[in-house]
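The same chain A turns up in both complexes below, where it pairs with chain B and then with chain C.
Then we have the complex of A and B:
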């Protein structure tokens, strides 16, 4: 096993900067997820770890050994491609045996190891098929087996679940996690699906246009986003992010959003926030971090329901304050009607504040 | 009424092509077949002699030499140049394209395509100059530089010369097909193989070659047939000599009819030889069809790369 360190890693293709000065510590035996929208450089980063692309700048270290320039075959990594890339002319058995044959492993041992690994990923009955004769989910397992069979030090998975249907995705997610823990392999998984990231990861690196936005355990991405991009990318339904500025009236402070919405500043935050009076701010509150009540409270806001949207177990209640919208997530069984007036109670400790200029978070609550 | 007119339209539209096929292919074909049963010579009289031309073919000791020459020429050129060398250029230029961009790769491919654009006579004369037995020839000029005696390349290595000269032209056909097949293979297969531990030789052996199997088989079969009937460069360079050493079947038929250095205008015998060659070609096609399982290629799309 190995821990992997990226130092100021940059990759450019002509004028396109695919990966921009990324530094990252990937701990041994853990799952690290690279998360970000399409085209943000996830695959490029992964291919540099595998040794397929050479970095334009910066270094990759495996256990403190610099591996720039070391070809893929000497890195002992297992890689599952976004498209699986199973050899179409080989049977499943031959696909999985291929890395072992190249290592000149004896025939009997090859057979035993292939059978063992196919049992783990549950494709023992498909060994004679060709890739073209299998479903996406089955191909994905074969690709996983081919990556695992050589006992790699580092397992790299490029959106391995993107071709699967919802149910198979959940099953396979659990399976990959189980296999990873069973073997204790250092794993880097690429995805643009935040649910996948949160459920699989020990640590998540969020990327945007090749730049690392935040690197932290998944809970922290939701609780303490470092900037507006992470705050808006994480969470479903998305966080309410409203342009705002601080106003003080009768010794009480408010976040004034548009002309009609004023959100009282929580007492813990006053200190940190008052210095920002008159500056451009963005306030962020997740829909699930507010509750709706008939009765008033100290920091509640009165609003009129504009629309109600049912989302399975929850419903999303849409309030409008002039041109500003605020969405609140409540249990589906809570009776809420369009046109009704209610009190919105934000959870004070879950209010996020960002600097509008550099979009970075402003720490408020303790 | 309308249906009849429809048929008439179809006939009308097909007529020009039909007419061309009839006058230039079917009629000459039948005439040739008929001629092979005559002993027609320079007087061009139709004098039918039954199967005697065909009987003569089986007794012709020169033809048996010619047959083995043909085998050597066709498969020598095919295996050394049209397939193997074409494949090597395709592999090399696709590697160059990947490493150094499309332009230098295009330059080298264009270079190998040049002989194909050169008129055969010019091409032949260039080789005659290269291989000239005196010091004025290119090769012997070079040898002279190193103080070696000149070599009569054509008379000493006649078969090697015609294989080489045909191969240098023929390689470009395979090169073009193989190159486009190789570059259409998804990069990820090669990456996967590299991660699996394959060096470049393994990648060619286990990834590239299996994935370009159909173009390989197609070029082999197609070029066999075109080599069987091609003799123009041999005619220019050696005329079939020295003493039948480079006479292949198609050239033999040509010489019997239109006179090489044993000018004889034996049209009857020449046409019989030609029909014999057609039969050999048909047999070769059937064998390829069976062995290479071309039906598979025809019946389903064979683009195995995504």
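Then we have the complex of A and C:
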């Protein structure tokens, strides 16, 4: 097992900067997820850990040993590709035995280790098949077994679930987590799916255009996003993000969004925001962090229901204030009708505020 | 009669119309198939008839009006055990020469085109695009236009009248095609698989040999067969560059029967021609499934 440290890691392809000055500490025995939209450099980062790509600048350390320039075969990492990348001309047994054969492990030991690992990933009955004769889920298990059989110090998973159907994905997610914990193996997983990231990660690194946006445990991404990108990328349905500026009237402060919406500033936040009067701000409230009531409250907003969308367990209620929309998530059994006027109660401690200029979070003392 | 489910009104007229329409579609399809087959049969008829004539002619005394066979004989095949005349070289030596040329073509295509194609497909190096373009241009030269200049080149190198000379010329002209075909196959092997090999502990060379090459085997097989047939049937360079009978190939042999200022023995001609094409035909029948891989090059069937 190993902990992995990236220091000022940069990778350019021609004039394209794929990974831009990323520094990360990947702790031993934990799952670290690299999360971001496609083309954000997460796979490039993974391939640099594997040793396939060499960084343009910066260093990669495994347990304080600099591994730049060390070829993949000497790094003892296991890698599972999105496409599984099984060797189509070999049987499952030969696929899994391949890394061991290259290490010149004795035959008997190869057989034992392959059998042991296939029991863990539950494909013992498929050893004689060829990859073309198996389902996606089975191929995925073979790829995982092939990565694990050499007892790697670091397990790298590139979008391991995205080629599976929804049901299988949930099963496999649990399975991978179980195997990871059983082996206590340091794991780096790349994904563009925030649900996958949040469910599997001990730590998540959010990337955008090669730049690290935030590195924190998954719950913090939702509760304390560092910037607008993280706030908008995480959460489903997405956070309401509204351009706003601070106005003070009758000794009360409001976030004025567009011409018709005024959100009262919670008293805890007044201190932090008053200095920003007249500056460009962005206010963010997640749809699930508001409730709808018939009764007025201290910091409630009166709104007229524009549209109601049923999302299964929940309902998304859409309010319009002129050109500005505000969406609120409520339980599906709450009776809400289009055209109805209701009070929207934002949960005061869940209001996020960002600087419009550099899109960074403005801390509100709560 | 089973009722159509969506025909809720159960109007008989509606059902009847649907059935009628379906029948008409089926008829149309049949007619189209008929035309396509007729066209294909008609257009391949000259070839089939040609081969038929060749076979019949080689086993008969004579053809009445040139088309009706009369009298079965194998005397046309006497060239197999005796020299037709003292002008001819030994048949088996000639066959051996032809075989050597074909085998040589196969070998050089596999040994040179495969690694070259891998490098072009997988590695970055200066002037890669230029090289690729040049290969294509080289292939598009009609070989005939080079005959005279090549003759001088070979004479200077003292390679006239030798199979090696013909072999080198052919290899030079065939390699570009082979490289392009193999590049297509290598392009079809996903990078992921190769990277997997590297991570699993293989060197670049081990990855090539153990992982990539097995996946382009159909391509190698197709190219090998193609080159073998191509070498076996080479005509123009052999006729032009080889005069000495010891170095003849079967195409010179057949050619000499037509062109030797003598009365043409059509029976002998057909028999030698049959002897010449039979191995290729047999070879093709057993290997055609590999050859087909070239036409679908790149897409790897399961």
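Throughout what follows, the second predicted complex is superposed on the first by the 365 of 366 C-alpha atoms of A that agree within 3 Å, B and C clash if a C-alpha of one lies under 4 Å from a C-alpha of the other, contacts with A are read in each partner's own complex, and residues count from 1 in each chain.
FYI, a contact is a pair of C-beta atoms (placed from the backbone, for glycine too) under 8 Å apart; a residue touches a chain by one contact, two chains touch by 3 or more.
All figures in this text were calculated on a predicted structure; none of them were measured in a lab.
Overlaying on chain A: chain B and chain C, fit or clash?
Aligned through their shared chain, the two binders clash on chain A.
Going by the contact rule set out at the top, does A:85 touch chain B (first), chain C (second), both, or neither?
Once the two structures are laid over each other on A, A:85 reaches both partners.
Between chain B (first) and chain C (second), which, if any, makes contact with A:362: first, second, both or neither?
It touches nothing on chain B or chain C.
Is A:72 touching anything from chain B or chain C once the two structures are fitted on A? First, second, both or neither.
In the superposition, A:72 contacts both chain B and chain C.
By the touch definition above, which chain A residues appear in both interfaces, chain B in one complex and chain C in the other?
Overlap of chain B and chain C footprints on chain A: residues 47, 50-52, 71-73, 75, 77-79, 81, 83, 85-89, 98-99, 102-103, 132, 146, 150.
Give every residue of chain A touching chain C within the complex, in rising order.
Residues in contact with chain C: 47, 50-52, 71-73, 75, 77-79, 81-83, 85-89, 98-99, 102-103, 132, 146, 150.
If you look only at chain A, which of its residues touch chain B in the complex?
So the residues of chain A in touch with chain B come to 47, 50-52, 71-73, 75, 77-79, 81, 83, 85-89, 98-99, 102-103, 132, 146, 150.
Sort out for me which residues of chain B touch chain A in the complex.
Listed in rising order, the residues of chain B that touch chain A are 186, 188-189, 191-199, 202, 206-207, 210-211, 213, 304-306.
Which residues of chain C touch chain A once you look at their complex with the stated criterion?
Checking each residue of chain C against chain A gives 190, 192-193, 195-203, 206, 210-211, 214-215, 217, 300, 302.
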